[in-house]
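Note that subunit A is present in both complexes that follow, paired respectively with subunit B and with subunit C.
Moving on to the complex of A and B:
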């Protein structure tokens, strides 16, 4: 099939490297979280080995933050009517629509790779036969997160409002997850926060990574739930994105 | 005349606050989320008793720091849009202009973080109003000092992108290498040494002392450190702004 999907994906992946300043800031934040915050908290937390606990979670945070950036580009393109240029190219609409979250997944995977490598190196006894599942699972999660970001970009029309809501959603999903604490801790918080953490894809990604790297097990239910999350948001964001660029 | 010019510059900077309404509301929500979710959750894991109050005081100081650092973003955006050249062409003494910006930026940050401050005071409780006044003075010193630091950074770099990256990196390391989140007794030696000279540590300790929370060090020493930080940063900022702002040379 003579598809040009790869060109849309390549364009978005190339664009990612234009944000080197932003990425440098994000890398600093992730490294500071890991090598300062996690180390000090590991001396304050006695219930679990905090550094080991939080390391896979920070790799997921890195994936989450970088995959989320695609929404900003889509929002800016819609605002500046740049999507008309995209539509004028000899590519099919579905290639544009599917290419964006695909690129988002790849961007997430590229950015999270060093953190992931570190998590693998520092994990007690990683099982190689399970490690091969990590890249496709993370790619799928990254794609779902990108779809969520595109969904937001199509729903919130004002760019400033989009940036603000995006930031707020980032904080809510990050803190209402099991990246920084186990789920039983969140059980003691108000029920909506606990429920959000329970169904939060960031929680599922962090837990799955922990289980694979530290316990040597892979829970198929988590893969299923991540697949459902990604599929639902891919479908919804694709429909909404199509409607926006066709307006 | 000098005072009138100074007031004009301060007022202009202060008015910019209105333009950031949405941004401010989101910042306040972030602050609330950090206490209501992260603070409450992590306080169940740490061995420090009453950690949520300790964290609430610290996170307010971090919020104030981030708000004051925003002066750098403002100046670099103004430079990109040519507003700096316009400001330099005004019949206002350069020193007055930049001192006004430092004061305006500091005051604006205090005003922008007033709701989080009130929430923190209500949540933790005020035991002694007199110590609280000293603490607010300490927080004001931090705010003016950080605004001076922001002016120093942006004047040195003369680049929006480089300013962004340095602010991001500073934000990540300066906040974490201080007692905003944790006491020095739990830090490795190298981190503790860095935290000892960090103005955020001194502001956090003064604030905790005023709120009757566990604090490390001497509040008077911390106030002196904050004063020294404010004077040095404002002086360097004024010097660099005057020397480097004219003549273009800004890069994106």
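Moving on to the complex of A and C:
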């Protein structure tokens, strides 16, 4: 099949490495916050090796931050009408539409890989055969997060507003999740935050990894939940992105 | 009349609304295979919108266009296989280098990796950009960015090449280089659409010119045909050794191409068409009548005069 989808994906993945230091800075800021919290948190969570707990969360944090950046690029492209260039190329429209979240999934996987590797080394799973499920699940979650970012980039037309909403979304999805704290601790927070953390796909991604690494358990419900999240946002963002660039 | 027989692009009632604003108003036009078609008009006349519809970037509100017989509405994927465009504003990712931009473009246009490396080197060298190949787009001057944008088309070498104000921001030597390259592309078999508001560029490059104003074609023809359509557009002044007689003036006025004759002492000023054909006859008649010609000055109308004639406004002023 004469498809150029791989070139669309390759371009976005290469773009990501243009911003690698910006990404590293972003994650470093999160980690700095995290270490301050960890000092407080270590007194609250006894009998828990917090570092082992948080490593899968950091892998998800890296996945989220890197997959989410594609929205910023899509928004800037639309604002500067760079999408006209893409639409003039001898490629099919669906290749452009699908290529973006696919690249986001790959970006997420690449950036999460070192943390994931470290987590695997520090928490040897009792069932190593389950490790094979982690990359595809993370890839799917990365695609879903990219799709969410593209969705935001297409519906929020003002760039400044987009930047604010993106920051808010980042804050809500990262901090109302089990990335940094177990769900038991979040029960003590206001109910909306607890409920958000309970159904947050980021929580499901982090918990799924922890369960595989620390307990040797793969929860199919979490995989189903992540599949639904990614599928819904892929569909919705594809339609909206197509409409936006075809205006 | 077609230059090489075939029609490359056919616009049929092509129309574009932006909200209630009518940007392109039911355009009907044929662009012939292997010609350079100059699309001349001021900013906001509808040139770029028309080109974006032909390249399938924008969807027409009404009507359609055919590129080598393929309907832009029904089969846009096939149309894009045949069309390449250099946009008015360079569409470059600011953190990318010229090499990266063109290499990726080459790959998308079907070159293998090794072919892409080869063709990018050739084109960047031709555009005098090889030394700057590793600079990022935001570090390039406006003219250099424009060169990278145009270079995309020369990498693609499409059947239909579209240049939207290709030499804006380019220095004089760069302009001449790009004009030569556009002519070469046409000679190799591409059809060229050249949108411009530079009169000289349209005049020297175009086989035919379409003047677009307020979304409609106001005039269409070769640059010479368009100039010849202006009644008395050519101006001819002849200084004689003595004031011309009434008889001489009457004989000049009898020439079919003469629109008006003014006598100014020893000078005769004539407003006419086809000055290049009439001048030898007038000179012969003057010398036959015993006059000595001391000076001859002739001026053809410019495309700006043509634009003024057909639209009532001057293109240069509107820029």
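General remarks:
Note that the second predicted complex is superposed on the first by the 222 of 247 C-alpha atoms of A that agree within 3 Å, B and C clash if a C-alpha of one lies under 4 Å from a C-alpha of the other, contacts with A are read in each partner's own complex, and residues count from 1 in each chain.
Going forward, a contact is a pair of C-beta atoms (placed from the backbone, for glycine too) under 8 Å apart; a residue touches a chain by one contact, two chains touch by 3 or more.
This one's a predicted model, so the numbers in the text were calculated from it and none came from an experiment.
Looking at the shared chain after the overlay, A:7 reaches subunit C, while subunit B stays out of its contact range.
When the two structures are aligned on the shared chain, A:81 is found in touch with subunit C, with no touch to subunit B. By the document's definition of touching, neither partner reaches A:191: not subunit B, not subunit C.
Looking at the shared chain after the overlay, A:246 reaches subunit C, while subunit B stays out of its contact range.
Applying the stated contact rule after C-alpha superposition, one finds that A:167 touches subunit B and leaves subunit C untouched. When the shared chain is aligned, subunit C comes close enough to touch A:91, but subunit B does not. Among subunit B and subunit C, the chain that touches a larger number of residues in subunit A is B. Comparing the two interfaces of subunit A, the one with subunit B and the one with subunit C have no residue in common.
Of all residues in subunit A, only 21-22, 24-26, 28-29, 31-33, 36-37, 39-41, 43-48, 50, 160-161, 164, 167-168, 171-172, 175-176, 180-181, 185-186, 188-189, 193 touch subunit B in the complex they form. Those residues of subunit C lying in contact with subunit A across their complex are 52, 55-57, 59, 76-77, 80-81, 83-85, 87, 89, 91, 93, 95-96, 100, 104-105, 107-110. Every residue of subunit B that touches subunit A in the complex is listed here, in rising order: 22-23, 25-26, 29-30, 33-34, 36-38, 40-42, 44-48, 161-162, 164-165, 167-169, 171-173, 176-177, 181-182, 186-188, 191. Listed in rising order, the residues of subunit A touching subunit C in the complex are 4, 7, 11, 14-15, 18-19, 81-82, 84-85, 87-93, 246.
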